[in-house]
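Two complexes are shown next, each including chain A; its partner changes from chain B in the first to chain C in the second.
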Partner chain A sequence: MQLEEEVEDKFELNISITNPEKVGEFHYISPFSTTLPMFRSKTFTVRRRFSDFLGLYEKLSDKHTPNGYIVPPPPEKSIMGMTKVKVGKEDNSSAEFVERRRAALERYLQRVVFHPSLLQDPDVREFLERDDMPRAHNTQALSGAGFLKMINRATDSLSKMTIKMNESDVWFEEKLQEVEAEDQQLRKLHIMVDSLVGHRKELSVNTGGFAKSVAMLGSSEDNTALSRALSQLAEVEDKMEQLHQEQAASDSFCFAELLADYIRLLGSVRASFDQRMKTWQRWQDAQNMLQKKRETEAKLLWANKPDKLQQAKDDITEWEAKVTQYERDFDRVSATVRKEVLRFEKEKACDFKKQIIKYLESLLQSQQQLIKYWEAFLPEAKAIA
Partner chain B sequence: MMEEAREGSLSVSAQTIRVTEAVRDGDALTFIVISQKLSGSGEYHVARTHEDFQWLQQCLFSQEVVPGILGVIFPPLPAKPQLNAPAKVLKQLGFLAMGEDWRMYCMALETYLQQVAAHTTLSKNKCLENFLTSSEPPGRQRVRKGIFNRLSQAMEGMRKEGHKDVDDFFQTERDNNLTLTGCSKSATERFIDVVLTEQKLAVACGHFSTALHLCVEQEEDSAVLAFSNGSVPMIKNYRPLHALICVKLSEVIDSIKRNFESVAENNLSTLGLGLDLESRCQEAEKEMLYRRTCKLVELETASRNAERAKPVKKAAMDELKVAAEKEFDHVSGVAKQEIARFHSTHVELLRQALILWCEKQLETARDTSFRYSQHLQAFKGLGE
Partner chain C sequence: MGSIAAQLFSGLSRDIKSGSSLGSVNVDLQTDATLQVDISDALSERDKVKFTVHTKSTLPNFKQNEFSVVRQHEEFIWLHDSFVENEEYAGYIIPPAPPRPDFDASREKLQKLGEGEGSMTKEEFTKMKQELEAEYLAIFKKTVAMHEVFLCRVAAHPVLRKDMNFHVFLEYNQDLSVRGKNKREKMEDFFKNVVKSADGVLVAGVKDVDDFFEHEKTFLLEYHNRVKDASSKSDRMIRSHKNAADDINRIASTLYTLGTQDSTDVCKYFLLVSLPLQKIEARVAADEDLKLADLLKYYLRESQAAKDLLYRRGRALVDYENANKALDKARAKNKDVLQAETSQQVCCQKFEKISESAKQELIDFKTRRVAAFRKNLVELAELELKHAKGNLQLLQSCVGVLKGDT
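Our next item is the complex of A and B:
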């Protein structure tokens, strides 16, 4: 993956994840190549388990989410991550599932290294370079319920404990509304795409059935030329069955996966907004505490208890410092969230554009293949006498 | 050689017969039938219901005076169309029930009439002339049931289909026909499944396209327009670009939808109709062969009776045997001719259907390809 031009340094970091090897558990081999000076060597290969990826997310999220960063979420452990509807018969060992997971992990890692701040994180470097990683712990929440459930729970519990925020900056309020609306839209679109994929698979199956019946018709037919034309037709229909199957896979990989990724990413965006709210809450709580301390001091002065007064004054100093600190934190996190959201929107637009182009290219290729089949069949039909 | 029963010649040209539309009249359908006069001096416009078509078919069946008429492969009449019918009934009509305003059904009726009018014997039937030219609907009175019907009824209960033939030609034909009838029916049904799925895909694309369009909010529409006109530079705010992507993608999905609709329509109107007709014609041949087989059984029975007859009955039995023999020979003679004709028309029928189908699908595929490449160019240029 070539990183697009940023205002910062142009550099190269190519990551791909190949198919898994089953060595006890699934191991993924990730060949990297890079021109970045921070890495030990120019090319390297490491093996990672699925839980290692989850572990990486845990570490990054713990460190960066509280600061308002949008940390890319890992893929869901189960195939049923997004929708409740299974598209066709799929089990965890099927080729399609394996490929989906591989591609999802690749995209995840690419998003992580594409983030200028996360790339600097030593945990990321370790993940890319270290030969053997210790097993990740505490990924239960992720492995079990999955990323989105975890985020939703966090948001819910947060809204229970904070008071309504006095939003001074309307940008944040509007943005959050946009994010929530978009989440709804993407979910709806995902259902539609799943439906599309299902129908295409059905079309592929039906085309195959038709091909067989035409083959039988052709072999029962007396007239040689007609019989020949019908068996050619059966072959064309067989090829079309294949095309439909491929197109269904393309629908699924280009769109369904893209939408699923962004539904999860929006979860991360929401998480960063939640963090901002937490820092605001902490600042408010500190201000309330400062107020209490001042009241305590006033009471002591009035009650004339000079021995406890010093303690009260110390408390006030302590809390004044905290209030200042927390206000600064809030401003800093707000600025980060703002910057992150803009970066996210840009990446999203580029991502969608790229995927749609890929999709159109596959559609076009399919269509041109179809034209070839029809052009080949026409003389066969005309040759019937 | 079939004896000509010169009831009359048709005054219209067979190839010009058209069934142009189906008009809803409460729960019934009326079909408009137009045909050109042979004399070139104009055309006939008549309105007919399915009952009228059935009357015509009955007339054709009951031509007793034509010897060997049982050997004729009668053009198949489509089953009665029912408005507001349950799904199972519509399924029986298959392709004919699909398509807007019963268009496929009209085409099937048209083919039926053209086939009847092109048949050397059947075209001479007065009823056909009456059907095509009379402004009054043909008499709805029940047609006198000819021997054909009596014979069918008599033979109904008995399993004659598998009865071994005395003639290799016919045995082979019966065997082949049995296979072809099954295969063509099966191919038709499989093709219906394909077309139905294509239609479902078109609908799903429609929903998807609409949903995408709804993603773009009202205020953003003007932003999108301004953005695509180049009057809003792309800095800092990517929402207009994202909205534009949604709108453009919606157009792509709409193109996909239109492609499926075209493909399904082409399938329906060419190969679908062709397979349906092929299937029904094979059935018609099967019925003819069955009638002949029944005649064979009749003949064999009569021969046995003549052999075993007591002297007093012998002359009468012999006479019956001779009559049965004569009839059987007539039927077989007509059947042989009909089979030869059937073989060549059925090949021609499928040939035309396949060519037309391929040409239409090729045209659609090229159109779609062009539209997709336009979309691709548009997307590549987005946001630059």
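Our next item is the complex of A and C:
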């Protein structure tokens, strides 16, 4: 196992995205603050459209994915996301959806700048600093279904290729299998968490209904102490309704969104493996071509056609150079993919830990609230006579 | 389906000591030594449940001091109906009949499980099977408790406990040959109920001279409706809670699977978070909600029985008033006076007899109700607290481990 060289990122780059304001269309204002010398000033704010984010991804992906980099993907345009399960009555303008998208874009941008190589990319700098961004074109491909299709196509061709490539380094094969297995599990989990969010929302509504009916029951009860206790119970159930609602939000924002992010990211990981395959394929193709050229030269020698011989020799030289180049490319991309995967895994561990702690703490808070409510209720119940 | 069904549906006998919901509805019933009844055992067979009714008595009517018989649900219904149809008991609140044991939902799920056996892993299958068994057991315990409460209420009632049919029910160790109602009888019942409720509306419209009963009438009508509403809303709430709990269980299992795949950090986190999740929601959905739900359902039936008593009294009052009018008419015409007088006396006696006992019955009903709600609400709050505190501890330790692990 080789040791990864730790590059201590001793810089500050705080990005946050605030709520959108509708100026023609949704604009996002991102106040940045940084200590990095490469930026013009220490704090700045810019406005970006949603399509700008997609445009940034496209640019970065075009440039860096072929080299084996894992480029973080932005959130989908459509609300369906990846589960295609409609949970409740949500539409594009609902407050929840807006907040979800804002947070997703924030995480996206944070991932981009946290990537040491991507941070150096001038497009990223431009995105962060430039006052007026020209509209990004061709982002249709990146919205919703189109984006998913693209990812799926990449993974399809990938699975076809794995059979053919004879892997000299078994690490890649194993890693890819891990990634694919994890992708499946995360998708499964995501569907379950979405279902949970839906059921919790339902529970919240039904608890509210129950609270009202208990209140009604209490008001018709003619024993005063019991009547009071019942109305207290109604209040407790009312608070539970609120708690369930908050918990559903936490399930969604902490848990479901985390899973969605990583399902998208795993898509990018597979894309980088795919790229490595492509460079390997290109190298193999070049070797085959070289072989053909050598055969051509041999045939010409035998047929004694000296005029075409020079061409053949030139071809061989050309393809020899290409073979060398493509082999170097393959090695370079392989090294990059390897480094990227390790970096990704470290980041993932951090991310998951942070979010799981956050989620557990939200559950913890719920329980504390519960205790408070029931402790207040208990003496009322005991006072019934 | 066959093998699992055979396992689940046969030979499941009740674990007597494990907390049945009996406690929540059976309050204030003095267990007095002259007559003690309980259900000491129960067996679930393919289609039916067989209850072992165990009696301890010092009363001279019985041949022995302690004895047991086996009874099925239909025989309980027969006993209940015989009380309702007995004119002598018109002035009492007849303890509501226990609901029919209903394992249909469980049966359906079991079938689905059997069908899906091939498509899930061994762990998933075992887990689901365990869940189903637990659910089945819970329903089983509840139906036993409901049947037991009915018998205890009868045994505790100063008049009903002396009923002949009741004694036969307790003692006769053969099948009572009470068949369930056939279609025609069920239709008759249906029409009888329609007529009764129409009549009930009529009778209820008659204002009562007695303030106590007038107040009770208004009170019970409103109370009954509100209990019905609360009961159905609580059922709905419990269903959602169960759905959420099922989701959480599935999530916890998946996390556990993910976590045991290898020993990376992320897997450790998954394992850690799956533990509290598994504990938290499942129990809550089962225990607390059911307490409240069972209580509401029971008082729905009790308040209906109280309403029935008021109806009978109201009916008797109307009959009495009609008999008075008929007597006046007869005296005016001087025709059939003796007949009218007798009829009026009968009605008067009937009405007064009912009124006398009804008042006490309704007061007792109130006392019982208040006590049952108190007990139940206290237990509910205590259970919620116990679980919340346990969950809190578990969550705190998980968070502690995660935060400490750098």
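Here is the rule we go by: the second predicted complex is superposed on the first by the 368 of 385 C-alpha atoms of A that agree within 3 Å, B and C clash if a C-alpha of one lies under 4 Å from a C-alpha of the other, contacts with A are read in each partner's own complex, and residues count from 1 in each chain.
We take it that a residue touches a chain if its C-beta (ideal position, glycine included) is under 8 Å from a C-beta of that chain, and two chains touch if they have at least 3 such contacts.
The structure presented is a predicted model; accordingly, all values stated were derived computationally and were not measured.
Enquirer: Record, for the superposition on chain A, whether partners chain B and chain C clash or fit.
Expert: Here the two partners, once superposed via chain A, clash with each other.
Enquirer: Based on the superposed arrangement, let me know which partner A:W171 touches: chain B (first), chain C (second), both, or neither?
Expert: neither
Enquirer: Can A:V214 be said to touch chain B (first), chain C (second), both, or neither?
Expert: both
Enquirer: Determine, under the contact definition given at the top, whether A:L342 touches first (chain B), second (chain C), both, or neither.
Expert: A:L342: touches chain B, not chain C.
Enquirer: Quick check for you: in the superposed arrangement, does A:I384 touch first (chain B), second (chain C), both or neither?
Expert: The answer is both, since A:I384 touches chain B and chain C.
Enquirer: Once the shared chain is lined up, is A:L203 touching chain B (first), chain C (second), both, or neither of them?
Expert: In the superposition, A:L203 touches chain B and chain C alike.
Enquirer: Where on chain A do the contacts from chain B and from chain C line up?
Expert: On chain A, the overlap between the chain B and chain C contacts is residues 182, 185, 188-189, 192-193, 195-196, 199-200, 202-203, 206-207, 209-210, 212-214, 216-217, 220-223, 225-226, 229-230, 233, 345, 348-349, 352-353, 356-357, 360-361, 363-364, 367-368, 370-371, 374-375, 377-378, 381-382, 384-385.
Enquirer: Report the residues of chain C in contact with chain A in the complex, numbered from low to high.
Expert: Counting only chain C, the residues touching chain A are 219, 222-223, 226-227, 229-230, 233-234, 236-237, 239-241, 243-244, 247-248, 250-251, 254-255, 257-258, 261, 264-266, 269-270, 272-273, 276, 280, 366, 369-370, 373-374, 377-378, 380-382, 384-385, 388-389, 391-392, 395-396, 398-399, 402-403.
Enquirer: Can you name the residues of chain B that touch chain A in the complex?
Expert: Residues 176, 179-180, 183-184, 186-187, 189-191, 193-194, 197-198, 200-201, 204-205, 207-208, 211-212, 214-215, 236-239, 241-242, 245, 248-249, 252, 256, 343, 347, 350-351, 354-355, 357-359, 361-362, 365-366, 368-369, 372-373, 375-376, 379-380, 382-383 of chain B touch chain A in their complex.
Enquirer: Name, in rising order, each residue of chain A that touches chain B in their complex.
Expert: Its residues touching chain B are 178, 182, 185, 188-189, 192-193, 195-196, 199-200, 202-203, 206-207, 209-210, 212-214, 216-217, 220-223, 225-226, 229-230, 233, 342, 345-346, 348-349, 352-353, 356-357, 360-361, 363-364, 367-368, 370-371, 374-375, 377-378, 381-382, 384-385.
Enquirer: Okay, in this complex, where on chain A does chain C touch?
Expert: Residues 181-182, 185, 188-189, 192-193, 195-196, 199-200, 202-203, 205-207, 209-210, 212-214, 216-217, 220-223, 225-226, 229-230, 233, 345, 348-349, 352-353, 356-357, 359-361, 363-364, 367-368, 370-371, 374-375, 377-378, 381-382, 384-385 of chain A touch chain C in their complex.
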